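Each structure below appears as structure tokens.
Next, two complexes with chain A in common: one pairs it with chain B, the other with chain C.
After this line comes the complex of A and B, so read on.
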């Protein structure tokens, strides 16, 4: 069983739930930007939830199946079509050998996940099949898909039935404006009290540059810094620090102008100050933000962040139960 | 005469010219051949050409240079 890539879409990559454990040596987490959507797609087709699927961003690929399989498309609304006939998202459907999956224009969200029963069977690299394109690591030859590629599909241990649907209440998508909860900290003290208020009060917009490495936002007021003499090793710009580790989800603001939330393919360290981190429970939402969409940062404390993580775990448990 | 809307394939920023100081690719009233570039969409640090999908005459642009556009949004109308 294989999938032939007729056209690749904008930047379609093989992703599973990620490659944790190597960030300290500079290899990022990678994996789906919206992990809950990939998990749902896998469970819909009867896969292990960490099986590799395809992450599609903004524009869908055209794919041909060489053998029968069960398929599901979840996440952002990029409506699938099988041999030109519309298929529902968040719902499993059967494909036959020779069937062609294509997509309509993006309607909502930013990233769709395609799961195929058996999973995309590319080699496991450092414990994951996820693609890290900057490092040319994992996935299909370490890169996004190209026309003419042929992707191996594993043999399905249990075949998922067609017509399985995830209830709407278990599909999590950002609102408008998107609300991104963040834990102020790290180098928050570098900006003035006034700047901190603006940062949280302003409505930001996703910059078109936003990608898997970092989500850039613009449109808010420039942050004013507390005066200082640059410490030894830090650059002269007030947004520079002595090089430090960058946590997943950290919000750096180079020059104090455009916040960047580091995401699945982020670099692991550098010399820009960070105002805090987006909480882990809201990272999936960022993966569904289109360019120019409004977003607001909302400060929470650690108790609220941990509660949100528990809620996110409960959602995952409900998805598992609904698709068991 | 039949008309056809040329839709944006991607969300992003629409550009009607190849660089800031260059003339626009096409103006209203210009004829286009199928496959000709009518603009660019910038997203994820790269620029993607928008091609005419039919021969015709551009009767209207619906997005200005540097406008934010959504996928599926009409960028121009062609008389074909």
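After this line comes the complex of A and C, so read on.
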């Protein structure tokens, strides 16, 4: 069984839940930006949650199946069509050999996830099938899909039935403006109290430079820095630090102008100060933001961050129960 | 040197050993991260050492953040008594300075540079009071460099010049980062040198290029078959200036699977190094080139 890529879409990559364990040498987690959406897609077609699927950004691909399978599309609303006929998102459907899956224009969100029963069976590299394009690692030949590619599909252990649907209440998408909860810290002390207030009060907009490495935001006021003598090795700009590790979700603000939230393909370190870190429970939401969408950063403490994490786990458990 | 702890969201603890860069700060981080590794703390998933700081990734479902913080502070106390030394390797890296590829790239991004009228290496030579590019190359390739961090992108080494602070090369980063850097560019920003393991964005000044790959996701290059990343923190690098002919020969040798990098096992002790930097560096070079 294989999938033939007729057209690749804008930037379609093979992703599972990622490749932990190599961040210390600069190889990031990778994996689905909206992890819960990929999990749901996999469960809908009877796969393990961690099976590899396709992450589609803004514009869908056109794919032909060489054998029967069960398919589901979740995440951002990029409506699927089978041989030109509309199919529901968040709902499993059956495909036959020769069927062609294509997509309508993006209606909401930013990234859709395609799961196929059996999972995309590209080689496992360092424990994962996820694509890390910057390092040309994993996925299909370490890159986004191109026309003419053929993707191997694994054999399904149990076949998911068609017509299974995830209830609307169990689908999490960002609001408008998107609320991104963050724990202030790291180098928060580098900006003035006034700048900290602006950072949290301003409404930011997603900039066009938003990808798997990081999401850039603009439109807020420039942050003012506390005066200092540059520490040796940091560089002269007030936003420079001695190159350090970057947490996933950390918010760096080069030059104090445009915050960048690092995501699944994060650069693992560098020389820009960070004001804090988006909490783990809100990372999925960032993957569903389109350029120009408004967003606000909301400061929370560790207790609230852990509570949000529990809520996110409870959502995942409800999805499992609904699709068991 | 005061250690500063901060949570990076609910999954990371960020620990700054010192605000400024020094080998003492690096070794403090190394001894604490070694302590964390040896303690096998439940819930710790990744240990990432950096130049003068480090980061621990953890699963808060398995260990409460404050419990991990207390554990790290306990380890810091023990680790501060340990000796700053390690068994490591010295690796020779050939460099074609002033190569055509970084030259083409730096000309394309001239408007993002502090000094659009000169090249990166001319600019670095001038602001470090080295006069000529030749003098700059001598200074850059004279003393060895210490790998104080691996990261940014896959396998990229951050390199700290093993020279007294007054002689260390310092340059600012580009005013605005470039969107392109040739693969295997030898760069410099702040006090750190680096080798760009892959092609991509970058803000460091560009001085040259090495023919020797340091990252190979396909694991076909002879010396990267066992693991795709060459460098680890604590490695020592010695630059070897080469000409275009040797560059081309080395590229061909790598492609033919015949290139073997010059690598020797050495040990490094920080107190002895600081007592006599030039003498210590000479000994390291003897280990690299002697029999």
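Quick note on the criterion: the second predicted complex is superposed on the first by the 324 of 324 C-alpha atoms of A that agree within 3 Å, B and C clash if a C-alpha of one lies under 4 Å from a C-alpha of the other, contacts with A are read in each partner's own complex, and residues count from 1 in each chain.
As a working rule, a contact is a pair of C-beta atoms (placed from the backbone, for glycine too) under 8 Å apart; a residue touches a chain by one contact, two chains touch by 3 or more.
The shown structure was predicted, so the numbers you read here are calculated from the model rather than taken from an experiment.
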| item | value |
| --- | --- |
| Touching partner for A:309 - first (chain B), second (chain C), both, neither | second |
| Touched partner set for A:208, first chain B, second chain C, both or neither | first |
| Touched partner set for A:153, first chain B, second chain C, both or neither | neither |
| First (chain B), second (chain C), both or neither touched by A:323 | neither |
| Contacts of A:268 with chain B and chain C, given as first, second, both or neither | second |
| First, second, both or neither for A:185, with chain B first and chain C second | second |
| Chain A: partner with more touched residues, chain B or chain C | C |
| Touched partner set for A:58, first chain B, second chain C, both or neither | first |
| Contacts on chain A seen with chain B and repeated with chain C across the two complexes | none |
| Complex contact set, residues of chain A against chain B | 10-11, 57-59, 105-107, 110, 208-211, 290-292 |
| In the complex with chain A, residue positions of chain C that touch it | 6-12, 14, 16, 18-22, 45-55, 57, 60-61, 65-66, 149-156, 158, 165, 170, 172-173, 177, 189-192, 197-198, 200, 215, 217, 228-229, 231-232 |
| Chain B to chain A touching residues, read off their complex | 7, 9-13, 42-45, 48, 68, 70-72 |
| Complex contacts: residues of chain A adjacent to chain C | 20-21, 23-27, 125, 132, 134-138, 142, 182-183, 185-186, 231-237, 240, 242-245, 247-250, 254, 267-271, 274, 276-281, 302, 305-306, 309, 313 |
